[in-house]
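Have a look at this one.
Note that the chains take the letters A, B, C and D in the order they are written out, and that residue 1 is the start of every chain.
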Amino acid sequence: MLSLTLTGLKLKNPLLLAAGVMGTTGGSLKRIADNGAAAVITKSLGIEPKTGHANPSMIEVDCGYLNAMGLPNPSYKNFQQEIDIAQDSGVPVIASIFGGCALDFSQIAGTLDADAFELNVSCPHAHGYGADIGTDPNLVEDITVAVKTATDAPVWVKLTPNVTDIKSIGLAAQRGGADAVVAINTVRGMAIDIESGYPLLGNRFGGLSGRAIKPAAIKCVYDLYDALDIPVIGVGGISDWKDAVEFIMAGALAVEIGSAVGNNINIFNDISKGMETFLAKKEWTFNEIYGMAHKI
Amino acid sequence: MKPVNAVITKVVEETPTVRTFFFDTSFNPEPGQFVMAWIRGVDEIPMALSYNNAITVQKVGTATSALFKLGEGDSIGIRGPFGNGFQLKGDHILLIAGGVGAAPLSPLAEKASSEGLKVTTLLGAKTKEELVFRERFEAAGSVMVATDDGSEGIHGYVTQLIPEQENYDRIYCCGPEIMMKKVLDKVDPGKAQFSLHRYIKCGIGICGACCVDGLRVCKDGPVFGGEVLKNSEFGVYRRNECGERVRV
Amino acid sequence: MLSLTLTGLKLKNPLLLAAGVMGTTGGSLKRIADNGAAAVITKSLGIEPKTGHANPSMIEVDCGYLNAMGLPNPSYKNFQQEIDIAQDSGVPVIASIFGGCALDFSQIAGTLDADAFELNVSCPHAHGYGADIGTDPNLVEDITVAVKTATDAPVWVKLTPNVTDIKSIGLAAQRGGADAVVAINTVRGMAIDIESGYPLLGNRFGGLSGRAIKPAAIKCVYDLYDALDIPVIGVGGISDWKDAVEFIMAGALAVEIGSAVGNNINIFNDISKGMETFLAKKEWTFNEIYGMAHKI
Amino acid sequence: MKPVNAVITKVVEETPTVRTFFFDTSFNPEPGQFVMAWIRGVDEIPMALSYNNAITVQKVGTATSALFKLGEGDSIGIRGPFGNGFQLKGDHILLIAGGVGAAPLSPLAEKASSEGLKVTTLLGAKTKEELVFRERFEAAGSVMVATDDGSEGIHGYVTQLIPEQENYDRIYCCGPEIMMKKVLDKVDPGKAQFSLHRYIKCGIGICGACCVDGLRVCKDGPVFGGEVLKNSEFGVYRRNECGERVRV
């Protein structure tokens, strides 16, 4: 009842594990898949191993979480074995990748064997292209083209909300040949310890995730659905089935769940059950609610 | 939760390399739970609660050294308590502590003895001076000691003290991973719980940095039953800050 | 202990009523002033009376509020009497103004008698200059220059966070002669009623305010403090004295409070008492905590 | 709070222009509290709760007309209850209701009578057919009627029914503002409470659209004591959707 095909991948439901959450080990990815996720996305992988920022790297704030992990990852070179373990679960495994230039991206995508690639084009530590690749439509288009050339697997481009106009970035990804866009990555934010004046994150500032960003994410998904022909995958603040339904009504063909996994490792099963019950009660199909907010 | 401002009220030198920092704030943990201790401007690191309101720290690197510079009246930020605790069961329990692994086990010993359980502790360290919380374990029951240099107790590893035949209902263990692996190999895994050490970033079960296979040390642990650890990554490899596999 | 001078205005504390909240009538502005605000800002005033968007125009969401009031206002022509009533309270009254072009702004500022002007340069219904004046540094600079020419009163420019780089907009305001910047206006957002698929606001989307946006606002204030020479006034999600202290440590010389007034009309008194107690306990002065997060 | 989905279970025609819509959801209001009723795709408008689970609506314009097109099984969104309610006091109370102003007063009448208070209601309307909830008020106490066209009760305004000398402990009033102003001028303001009507946008005390001087009808009201209304904007002018002053 919830199954669908997303950029050629067969999914038993529209619920995916978001990048950077429980995504560093094959074992953790497999655990999430075994707990009901229809597909899992790895931690973003770069060219070289990276330790990330100093702790505190993640802090709970009023209505969500601030993190500045700093993309710690073992590099793509050490990661095929983890993907293979994750694939034992039987669900598609999507490799999230990042780099400082198109070449980095295509090198990784050309080497790794994964069911799809998600391009994290908002790496705060990119070399060559400056601080924020994902805010420049031309770079996003170039990188997408490069990855599409390097691999036959579906390519998703994950967008940052920290731009004046997310539609222009989504259109650039589409021009570059992306099979889908993913919205949103974290919202830039900061918190300060008033007892000492110190910023609460080792990196001083970071990205906001969790409930607080849901309205911003819904708006991005809604706008991208209008602007693009390729599917939009929604992410940001989902913590129950109602949130997932809201994203799908806004125009997300599937959704990713990140922060909420922390307090509920079984969230994928819970949400898919909740959605099924809701659709049955309303006598609606998945297709009827997909993009519903645009149709009325 | 954001870190609370914990003001140091007392510092106790337990051994030449280990100090206990008492705070003005009680965290009322289950024995075995930990906190994230934020030494501002330096780092945030996981520490077991050795008392309701204290952590017991071995000086090993940057953050612990910075902490050792702090005294009464200074403050650090503390998030927690996090994770699960040890599950106390049975009538006669065996505690196996290596080095500063005594920190989470000492409140367990006290809780067990106050509940009328018989407590036997195997306490290991490099040398006699480095034995942590010997008095607390002795007050809770009987203690056997092993030191690497033989300066106290038997000369060798604490694992050598594990009796082959004696009947313990439960075994609780914390120490270096190699030592814990030896214990796991030697005892009935169904009876034993181990408090693990992995690189902790978020501390709240989200980032996945601390995973042993799919299990999060910060949230599903740090205490795990021996059975789930059998045939796992435990004792074989851990992950460094990058997430690379590193042999234990 | 909390008194300060802000762009020449003497304030008994650093707590101001934000624009658009309890700001349509002289009586409501005066009530807030009588309840402890050091200064009050009017609803944004335009050239002609405006009814605003259809209801629902404001909705409580998980961690804040979404609103799409649509700048309802009686126009500046009918507003001097309300300002005069508000000024009876004895505190400075700042007129928030908006327009479609520099001329609109200067006409209003040249006519109204107020203690300062706050330029709302993120009117979603501007004519001539397109949808979003506040995202274009050149327009922001031009408008600021025009208003500075039209009035001798201090001029504050209120910035939108919905831009790739808020510093560039703040710098434009500074170049234009602004006496201070105010950050942030609401974060664009949306919510959908899953029972029906309808967007929850009459205008479909709107702006997010309240606790959810505090981390984003703190980051904007922190960045602007670094980038600018003129003072930054912080706003976004303040609901207790700790939040106010956090903004001041981030670099806000004063703060504005909006949504939180709804549930606590006495919030200005409460926060100023809380801050005084905190400073006394810490043996800190206001000046010591101002910008503290930058100094350590 | 977000709107709840309230499904209409029954529609009762009270008068040719007034209908009561019952919902599957109870809001357990204090008598006098209101909700924001969202007729999706049309508008969201304030409505007093005339029962725990119902609103009673006069068809006057766009949103109310759209609501009148809905029937059993249809649903609207409801936020609330909002605002304060009437404060019941004393032994003998007087209710003064003009037109659909009877909506918030009828549950008050029932509450008062169930608590043993003596209830006298002055009920006014344009014509006999437009008298709202006459039976509910009669069941709660005695009722005197006034109609504009004299088709029932006295010919004239409900305010003419206010007895000069009789001893009521409290007076509760809801109706057109001009009528309420007349009541305020005639009675001891310290004894009287009035439920006000102003243009409501947010409904939760933030935007300020509904202010009478500095008082928010949606949050500090809709019920206000006569004393705070004396010498206020009340009865003199209100604000339109733009916030412009409009003479009442």
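Here is the rule we go by: a contact is a pair of C-beta atoms (placed from the backbone, for glycine too) under 8 Å apart; a residue touches a chain by one contact, two chains touch by 3 or more.
Molecules present, by chain and UniProt name: A, C = Dihydroorotate dehydrogenase.
In this text, all values refer to a predicted model and were calculated from it rather than measured experimentally.
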Gap in Å, rounded to a whole number, between the CA centres of subunit C (Dihydroorotate dehydrogenase) and subunit A (Dihydroorotate dehydrogenase): 33
Centre-to-centre distance between subunit D and subunit C (Dihydroorotate dehydrogenase) (centres being mean Cα positions), rounded to whole Å: 36
Between subunit A (Dihydroorotate dehydrogenase) and subunit D, centroid-to-centroid distance (C-alpha), Å: 50
Sites on subunit D at which at least two other chains make contact: 41
For subunit C (Dihydroorotate dehydrogenase), residues contacting two or more additional chains: 61, 191, 196, 198, 296
Arrangement of touching chains [line / ring / star / complete / other]: line
Pairs of chains found to touch, sorted by chain label: A-B, A-C, C-D
Subunit C (Dihydroorotate dehydrogenase) contact footprint on subunit D (complex, rising order): 1-3, 5, 36, 38, 40-41, 43-45, 75, 77, 79, 201-209, 211-216, 219, 233, 239-245
Subunit C (Dihydroorotate dehydrogenase)-facing residues of subunit A (Dihydroorotate dehydrogenase), complex: 61-64, 66, 132, 135, 162-164, 187-192, 194, 196-199, 204-205, 208, 211-216, 218-219, 222, 237, 242, 245-246, 249-250, 278, 289, 292-293, 295-296
Footprint of subunit B on subunit A (Dihydroorotate dehydrogenase) - complex, ascending: 20-25, 27-32, 34, 43, 49-52, 54-61, 65, 67, 69, 72-75, 78, 191, 193, 195-196, 198, 200, 202, 258-259, 261-263, 265
